[in-house]
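So, here come the structures, one by one.
Shared between the two complexes below is chain A, which has chain B as its partner in the first and chain C in the second.
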Partner chain A sequence: MNLRGGWELIKKSYLGWMASRGFFWTLTFGWMVPSLLYLFVWVAVAGQGQIQGSTRDDFIVYYLCLIMLNQFTYPVCNWTVGDSIRMGRLSDWLLRPLPVMFEAIASDIAMKMVCTPFAVTVTVVLAFFLRPAVHFSPQSVLFFLLAFLLAQVLRFLMAYTLALLALWNSRADALLDLNDSLVFLLAGQVAPIALLPGALRALAAVLPYRYMLGFPIELLIGRLSTTEIWQGFAWQCAWVIGVLFLYRFVWKHGLRHYTSVGG
Partner chain B sequence: MTEPHILVRSLSKTYHVPERKEGLLAAMESLVHRRYRDVKAVNDVSFCIEQGEMVGFIGPNGAGKTTIMKVLAGLLYPTSGEVRVEGFVPWERKTEYLRSISMIMANKNRLAWENTTLDSFKVLAAIYRMSHAEFRSVLDELIDLLEIEQLLHKLVRNLSLGERMRCELAAAMLHRPRVLFLDEPTLGLDVSMQLRLRHFLAEYNRRVGATMILTSHYMADVTTLCSRVILIDQGKLLYDGDLTGLAERMAPFKLIRLSVDDSQGQSMREIEGAVLSAKYQVTIIDRADRRLTLRVEKARAAAILTHVLGELPVVDISVEDPPIEAVIDQVYREGVWL
Partner chain C sequence: MWYYLRLIGSFLRASIQEETASRVNFMLNILNTILSLTTGVLGIVILFHLVTTIQGWTFPQTLALLGIYQLITALQNLVIQPSMNSLGGIGGDAWTGRFDYTLQAPVSTQFLVSFQKWRLWGLVDVVLSCVILGIALTLLGGQLGLLQVAMFVLALCISLLIVYAIFLLLTSASLWQHGVPLVWIFTSFMQLGRYPVGIYPGMLKLVLTWIVPVAFITTVPVEILTKQVSPIMLVGGAGIALGLLVFASAFFRMSLRHYTGASS
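And now, the complex of A and B:
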């Protein structure tokens, strides 16, 4: 594996993104706004009482973690890969002795390097003013880190695979928008999964979206039983493997189609 | 017997393209019932190219040149046929193969727009696993050949077209490819820049012994760089050989340039009438002042020359083969009649 090549791609993308950092910080803030809105809604609803066992502080911790996690796991390949296929830049990637996915991974990492300082600053400022009581056990942190890693892989692979559908019809934007909407609804952004209505909660438990955002945070704040933890990890791993197979299928056949119609 | 550096045998490529009639109704109909048409871009093409050869692909727009080049570079799957470059099947895109080739396509950037030229080169050096010493040595050579020292620390987006093309060429050559596919490398460049790039390509070929395939609508690119040309039209290979042979086969005519004495008071109309009264077919392709350029059948040139000398007060006359540019131009405009 050419790690040096991958690292240079990250540096290249980072320098490129940094040249437009104002744009990307605005974009980052845009990603935060829905979570911020729901943070204030749930804090207002909870008041000094509880909603299904969750207090004002629980909602603040949940949404501040969600803002950070959403930032860390948001896949920029949502737009970079589809655009590259449509604009014909994929041909250039195909001519290089490096897996094409490296370019998308490098863009993703570079974007996180550009946006993270901004996201951390906003979150710290919010935490300073809202002052929630926070307590994470070492075991919760450990589980969170593992689930975060898997969430990152799952969210990236899902977006990358959907973006690759542009190999057939050159426009995968609508599908990516739909995917983002489902993440918004079923990953725990509108409300923590436990507060969703029965049918929606059941659906969220089996679809991949909860395992991209909500599940790692639920682990961190220590609200899950041992059985729920292992069930959650089982679903998360199953989705990572499933989407990996889907990616391999889409890439193999998509590339064949792309290289049959003119590149 | 060793295999040629590039082997193409019975290559065909058919595109399956959607089509519809004009208008809103047809557009709506195509939503439920899409029609397709098969376009045969390459039709049973075979050729071999040896190591170090510089070959020009020529032919009108849509002839199939770029399609063949994309198949050779591994960007397209062929419909049928056998292709091997350096012993590799291109569309398998093996890492070793990709490290040995490079392709330059007009108006396509491999340099990162927001980075400096040198940063972009360093990314490529890492991708092609070049050591620092190797990178420095090749870069110094390219700086020397392409005169890009002043451009290394400029942002790519701030380069002029000519500067960017020189840097794109350097980027394409950085890993010292043994096979180069050049699709319109001088498109949009001014004459001086075209000359420099041609010089660079010839020098690179001499130093590295790289095999090069070139398409260009500037015939000077082909005539300067390529001793061999492959003529393609409507997906078929029509000629494979040297330029002189092509001119012989495609242009069975000569050009007669003559100047007429104006002291005898003949009008240009009368002069042209006298020229055209020859019993053989003569085409006047240029007229200026009291000079005419005639296109005549090669076999009849001597007879027409005698006729013209007998009928007109000629003060100067010359008989020439048509320039290759004119031959190719004729082929592109009037079709191929080999």
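And now, the complex of A and C:
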């Protein structure tokens, strides 16, 4: 592990991006809007009476957590890695004495450092205006942190693996769009998973998307039973391992297809 | 006038040639539209499987609103967005300095900036959003009078004028300050127009009505089709559209005087 090299990569990307932070804050705002939209929709709905036991405050807490978590787990490599492969920048990365994945991880961390102040400000302002009653137990916070870490790894790996498909076909972006739509529907953005209609809820429980976003928040809010908690963790770990194998496979075979562009 | 129409014709031809070069884009574009429509419709279905109305809006009415939102975005992406984006977007003409050539052309610069680039695949989006709107209207039942249809078309034109004026305003602003894609902020706000503006809390509702007039852009046309709307809303909307248009054109000309070129 070349940690110093990794840190230098983070610093490089961070400084480069702070130079155009207005651009990235606009981007951050764009990522926030769907969650924000459904926050207001559900708050308006809950204002007419409880929805399956969820009150207005429950929805506010859920969606404010979602905005922050989505910000932290959103994979930047979604778009940058595919572009770098198409433009031939991957050649530079291959020559470095560092694993290629370091570049993607570094830009991911740096991007989050640039965007976080903005996301935190918006969330705090919203919390100040909406004033939900919040209560988290220490145990659920612990569970949350663990699930959050796994969610971060899972979402990043999934996006990175899909972006690597550009090694075969330069139009792999369509799959990324599909992936984003599924995150929106099945990760708990359009509605908390518990409120989805039966078939979609069953689908969400076995697909990886819930474990990228919704599951950690459900743990934090503390509505899950002990069995549900362990089932969730089991699925989450299984998906991390599964996607890890998928990544190894795609990287090993994809690299042989890579032919550089540009000089 | 004839001259300008002929120019639009050649812009259209150039765009067709550019786009037919990569046919994959066509399929990708359809896929994108279908995804965006499916997630939109499913979102509404999920919501209405738990409640029957939201702030007085029923399922078909909310679906109609989604159809209108998609229709206006599709029309905007047909010519307004691609043209303005090729000037003020990332790596656009204002960025690279190619705008200097646009300025030298012997036609109105605002005309060139507004109509120079078309994305004709967007017509598929227009058709698909009309299908959604059609389904919603069928679910609603009831007859549409001729007057209602006329008012609807008028409201749609007003909406597009407002969208055009805002794009022109924000693109002009990008001549002053590169690097912040202001248009994206507007399109993000526009997304809030997928649901009735009435559901938002007070402050945001005011912003969405008067500062980013999403309320006039999406809510008024659908209210004409599904509820009773007094013609005063249309007159008000037309007033806002004209006011914005005059202001945006003035600001555009001012920005042109400020523009000093980007090439070295």
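Just so it is clear, the second predicted complex is superposed on the first by the 257 of 263 C-alpha atoms of A that agree within 3 Å, B and C clash if a C-alpha of one lies under 4 Å from a C-alpha of the other, contacts with A are read in each partner's own complex, and residues count from 1 in each chain.
Everything that follows uses one rule, which is that a contact is a pair of C-beta atoms (placed from the backbone, for glycine too) under 8 Å apart; a residue touches a chain by one contact, two chains touch by 3 or more.
This structure is a prediction, so every number in the text was calculated from the model and none was measured.
Trainee: Return first, second, both or neither, reflecting whether A:Leu157 touches chain B, chain C, both chains, or no partner chain.
Mentor: After superposition on chain A, A:Leu157 lies in contact with neither partner.
Trainee: Examine A:Ile105 and indicate which partner it touches, taking first as chain B and second as chain C; both and neither are also allowed.
Mentor: Neither partner.
Trainee: In the superposed model, does chain B or chain C contact more residues of chain A?
Mentor: C
Trainee: State whether A:Val33 touches chain B only (first), chain C only (second), both chains, or neither.
Mentor: second
Trainee: May I ask you to decide whether A:Leu167 touches chain B, chain C, both, or neither, giving the answer as first, second, both or neither?
Mentor: Touch partners of A:Leu167: none, neither chain B nor chain C.
Trainee: Who does A:Ser20 touch here: chain B (first), chain C (second), both, or neither?
Mentor: both
Trainee: Looking at the overlay, does A:Leu219 come into contact with chain B only (first), chain C only (second), both, or neither?
Mentor: Neither partner.
Trainee: Going by the contact rule set out at the top, does A:Met68 touch chain B (first), chain C (second), both, or neither?
Mentor: neither
Trainee: Per the contact definition in the header, classify A:Leu176: touching chain B only (first), chain C only (second), both, or neither.
Mentor: Touch status of A:Leu176: no partner.
Trainee: Looking at A:Val45, would you say it contacts chain B, chain C, both, or neither? Reply first, second, both or neither.
Mentor: second
Trainee: If I apply the document's touch criterion, which positions on chain A are contacted by chain B in one structure and by chain C in the other?
Mentor: Of chain A, residues 20 contact chain B in one complex and chain C in the other.
Trainee: Using the touch rule from the top, collect the residues of chain C that touch chain A in their complex.
Mentor: So the residues of chain C touching chain A come out as 24, 28, 31-32, 35-36, 38-39, 42-43, 45-47, 49-51, 54-55, 179-182, 184-185, 188-189, 191-192, 194-195, 199-201, 203-204.
Trainee: Please name which positions on chain B make contact with chain A in the complex.
Mentor: It is residues 15-17, 67, 70, 73-77, 91, 93, 95-96, 98-99, 101-103, 105, 108-110, 112-115, 119-120, 122-123, 125-129 of chain B that touch chain A.
Trainee: Help me check something: in the complex, which residues belonging to chain A touch chain B?
Mentor: It comes out as residues 2, 4-5, 7-9, 11-12, 15-16, 19-20, 88-89, 91-92, 94-98, 256, 259-263.
Trainee: Would you mind writing out the residues of chain A in touch with chain C in their complex?
Mentor: Residues of chain A touching chain C: 20, 22-23, 26-27, 29-30, 33-34, 36-38, 40-41, 43-45, 48, 51-52, 129, 171, 173-174, 177-178, 181, 184-185, 190-191, 195-197, 200.
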